[in-house]
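Please find the structures below.
Paired with chain B in one complex and with chain C in the other, chain A is shared by the two complexes that follow.
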Partner chain A sequence: MRRNIAVGILLLLVFVALPGLLSAVGGGYWFRVTTTIGVFAILTMSANLVTGTTGLMSLGHAGFYGIGAYTAALLATKLHWPFLLTLPAAGLVTAAFGILLALPTTRLIGIHFAVATLGLGEIIHLTLLNWVGFTRGPMGISAIPGISLEGLFPASDIGHYYAVAIIAVASALVLGRLTHSYYGNALRAVREDDQCAAAMGLDVVRLKIQSFGFACFFAGVAGALWAHTTGYISPADFRFSESILVLAMIVVGGLGSLPGAVLGAVILLILPEVLRPIGDYRMVVVGAVMFLCILFLPRGLLGETPVLAILRRQFGLAWDRTKHLGWRQ
Partner chain B sequence: MFDIFFVQQLVNGLSVGFIYALMAIGFTLIFGVLNVVNFAHGEVYMIGSFAGLMSITAFAPPLFVVILVALAFGALAGFGLERIAFRPFRRFRDEASLKSKAVREATLLSSLAISIIVRELAEKIFGSNMQAIPQEYLLLTPVQIGPLTFANGQFLIFGLSIAMLGGLQWLLKRTRIGLAIRAVANNPMGASYVGINTERTIIATFIIGSTLGAVAGLVVGLYQGAIFPAMGFAPGVKAFVAMVMGGLSSIGGAVVCALILGVSEAVTTSFFAQGWGDLVAYVFLVITLVFFPTGLFGGGRERV
Partner chain C sequence: MSTTILEIRNVSRRFGGLLAVDDFSGSVGRGERVGLIGPNGAGKTTLFNLITGFTPVSSGFIRFDDVELTHLKSFQVARLGIARTFQNLRVMPNLSVFDNVSIGALGELGHSPLAALFGRREQAKAVSQRTWEALERAGLQAQAGELAANLSYGKRKYLEIARALALSPRLLILDEPAAGLNDTETAQLAEFIRKLSNEGLSLLLVEHDMNFVMNLCERVMVMASGRKIADGTPHDVSRDPAVLEAYLGSEESDSPEEAAA
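Moving on to the complex of A and B:
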């Protein structure tokens, strides 16, 4: 009962209160900000799965986000696919790339994996930038159609908001079930001590590749949403600094905590907007918030352990074998 | 047999490689001692070149003095960096903290945060465009030797790099502080047991590494005529690649790999468009990590 109320309040907030409030203040601009937050929430939740839960520090997440965005944009502008097809296509293509690239690199641990993903992210960025014949290079791709359903609703700010909100909530649901299950426990075991996890019978490399593939799928979905809601993408959107921004969001929210990832995205995107009157100190604020968080709250605003405790108590997630949740029951 | 143009490219690549080497040494020293990656090294490079440029526009001193200014500011930046981004995180010594992922990677993230703050503040103060450099300080006077054309900056880069590499070897192998640095790098706990002041040694390492980086930044800025706040990122990443390729804690390996990187980039850009040259470093990085995870010159590290 309690869990239904909590979920109901959250859903009301996202689907009724927030769009109502934004319509009331008449903000096309604020709709854009909230849509961006939604896209980045999906991105941070996916990065959190691989960096926080599985403990593979990914410094190239923006690259995979870029693959998703370019897949969706190219399919929509060159082949005129509708949004309902480009979205899963972007996710699947990105996941395929992710699994392909994870096969050799997930055997590395710690800083070596982080460096390898940094290299992969930069390779993707430079390819998008230099392969002018295919991606139009630094000019970017413009005139990407917005999100619309034939006959139901045309592309509009509020339509984009609802599309992003629905997909973000669905992603949160899927990623939540993934991280707060026996499967998620296996991923956490791999993070804490992979040799020990292997000794307990977990297939460590397969788990790492799987979680990287899942994370890339959602990064691709976020990229497709970004391409369709902004209508214009260029390689500058998918640089190393975006990977760092995503990493900062996870760190501020709390490594390994799913609600924390969303909170981090909200804070680091809202702060620059609120601080706009004192000048464009966007990245300085990001850096400062990140530094202070690491210094004073090394486990993040919503740390993993308290969040896990709350979720277990409130939702009974995966701690009830009779409900056939989770992994290898 | 060899095209003159090709040989020219090789020489240019070598001089770029020496720059990467100067930066890679700073990375490698700090990694060797603290076992953490210092992501703010590129910002030290930027600070070095900006400090030099400020002194040029303010007093127009001889080049030698400008290099000394960059050295001093590099040392200062290294000291500040260690105090702000690294020292506060050495307080986590208990078992639970050492095991927690968030705390283990805290210094990596804190140096990243500091580098963002420094770079963005520099962009706020100086603007993100390239700075104007007085003509007489640009190290681009052509020197003709046979059919090859060198810039005088290349001689300075060669000379300075070799002098600094030699000096570093002397410092590490022949002086007391060098002995302390090697001891702390080998085993920090053991070093403190035999009475070495580890805190002071760590600061010394940061200062040495950062002065090398700052001088590299100044010389490159004057040689390429490009001084701007984000200038540290690309060479920083490449120096990092050189360090990983060289086997993380091997200074000699990092230098050799930096030279290989510089030359192969120059060769790539002479065959393909400019933009693809940057790709070489990253492709090398991924190939090295996948096939030689301990680096090309790495010792026997147990797991990577």
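Moving on to the complex of A and C:
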């Protein structure tokens, strides 16, 4: 009961209150900001699975986001696939790339894995930039069709908002089930001590590859949404700095915490918009906010431990209702 | 079913020029409590790592209940029913006691993302039930919700054993379980381990506390410089001239006889 009320309030907020408020203040620009936040929320939630929960610091997430965006854009512009096909295709192609690249790299640990993914991200970026015949290089791909339902409603800012919101909520649901379950416990064990996890019978390499694959799938989905909602993509959207931005979002929100990942995306995207009046100084303020967050809240705004406890209590995710321990699946 | 649960035959492990384990043969009987002792650097922990698949064997073979372990990975060895604890406590500090112990249950009951996505409730219930059983055996139910980092050193020892028990092992390998405990805690731990053994668990343990080993173990294997130099009852081993020499060669106070006296 409690669970239904909590979920209901969240859904009302995302699907009724927020779009209503945005329409009331006159739309367009703020709809595009919230759409971007939605796309980044999917991206941060997916990065959080691999970096926060499984503990593999990925510095190449923007590269996989880029693969998803280019897959969707090329399928839509060259083969005229509709959005309902390009979206899953982008996710699956990105996941396939991710799993292929994870096979050798997930055997690396700590900083070595981080540097390897940094290299992967750069390779993907440079490929998008220089394979002019296929990706049109620095010119990017333009005139990517927006998200519309044939005959029902045409592509519009509010339509894009709802499409992104629906997919973001669905992604949160899937990623939530993966992390807030015994499977999530197994991933956290890999993060805490992978040798010890192996001694307890966990197939650590397989778990790492799986979590990387899932993370890449949702990064690809985010990329497809980005391509279709903005209508234009170029390699500049998928640079190392985007990977770092995603990392900053999940650290500010609380490494390992799914709601934290969303909150991090909201804060680090809203701040620069709100601070537009102070011009170029705004990035200094954003940097200061990040710095102070880490200084005073090293576990992030919504740290993993309290969030897990709240989820188990509030949403009835625990088997043991009196002690709020364990997970219901 | 044979009476031997673990059989180690002519196992060697070479690290570059160093022969850490040199042609070691030994066994653990079903339900038996076996101690492995030896001076520092004798190769005891390396031998544990060879059994549990953490380090590959250079030559020889290891068999567990008629299954050859020699080329299995550590998670496969664990799933067959060999659980271990570590020399330097390795609990997962950011997870609750319950979640720590659930890892052991997951290792044995399976951990597939599909189960998480298209949940079968029975599986989650089974993991939860197994976890509670292990917590109960180790007397940690009251602390189940605590973060492992907040437990005392002594309790963490029990947490590590509870996690191993959640795997439903047939052989439990303990690497220096009594290290860092005071006399009362050591006695309690010995009692607990004896209880597990009486419930049918086979045990192999490394320990420096000679009293602990001599009182608890039914049989003791002694290692020095990678080789097995003695194997027998605590009483016989503590009088073995080869053992005395190995210990006196390092430090007098390490003499098993003296410590056990």
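Just so we're on the same page, the second predicted complex is superposed on the first by the 311 of 329 C-alpha atoms of A that agree within 3 Å, B and C clash if a C-alpha of one lies under 4 Å from a C-alpha of the other, contacts with A are read in each partner's own complex, and residues count from 1 in each chain.
The criterion applied here is as follows: a residue touches a chain if its C-beta (ideal position, glycine included) is under 8 Å from a C-beta of that chain, and two chains touch if they have at least 3 such contacts.
Because the structure is predicted, anything quoted here is derived from the model rather than measured.
Once chain A of one complex is fitted onto chain A of the other, the partner contacts of A:V284 are limited to chain B, with no touch recorded for chain C.
By the document's definition of touching, neither partner reaches A:C216: not chain B, not chain C.
Of the two partner chains placed by superposition, only chain C is touched by A:V174; chain B is not.
By the document's definition of touching, neither partner reaches A:A69: not chain B, not chain C. After overlaying the two complexes on the shared chain, residue contacts for A:E192 are found with chain B and with chain C alike. For chain A, the partner that touches more of its residues is B, with chain B and chain C as the two candidates. In the superposed model, A:V50 lies in contact with neither chain B nor chain C. Once chain A of one complex is fitted onto chain A of the other, the partner contacts of A:L22 are absent, as it touches neither chain B nor chain C. With both structures placed on the common chain, the touch criterion links A:V39 to neither chain B nor chain C.
Note: residues 192 of chain A belong to the chain B contact set and to the chain C contact set alike, using the contact criterion stated above. On the side of chain B, the complex with chain A involves touching residues 37, 85, 88-89, 92, 97, 99-103, 105-106, 108-110, 112-117, 119-121, 124, 233, 237, 240-241, 244, 273, 275-276, 278-279, 282-283, 285-286, 289-290, 293, 303-304.
Interface residues of chain A facing chain C in the complex, by the touch rule stated above, are 174, 177-178, 181-186, 188-189, 192-193, 195-204, 207, 210, 214, 304-305, 319-320, 323-329.
On chain C, the positions that touch chain A within their shared complex are 52, 54, 73-75, 78-79, 83-84, 86, 90, 92-96, 98-99, 102-104, 106-108, 111-113, 115-117, 119-121, 123-125, 127-128, 131, 144-145, 147, 163-164, 166-167.
The touching residues of chain A, when paired with chain B in their complex, are 52, 55, 57, 104-105, 107-112, 114-116, 118-120, 122-123, 126-127, 129-130, 191-192, 240, 244, 247-248, 251, 254-256, 279, 281, 283-284, 286-288, 290-291, 294-295, 298-300.
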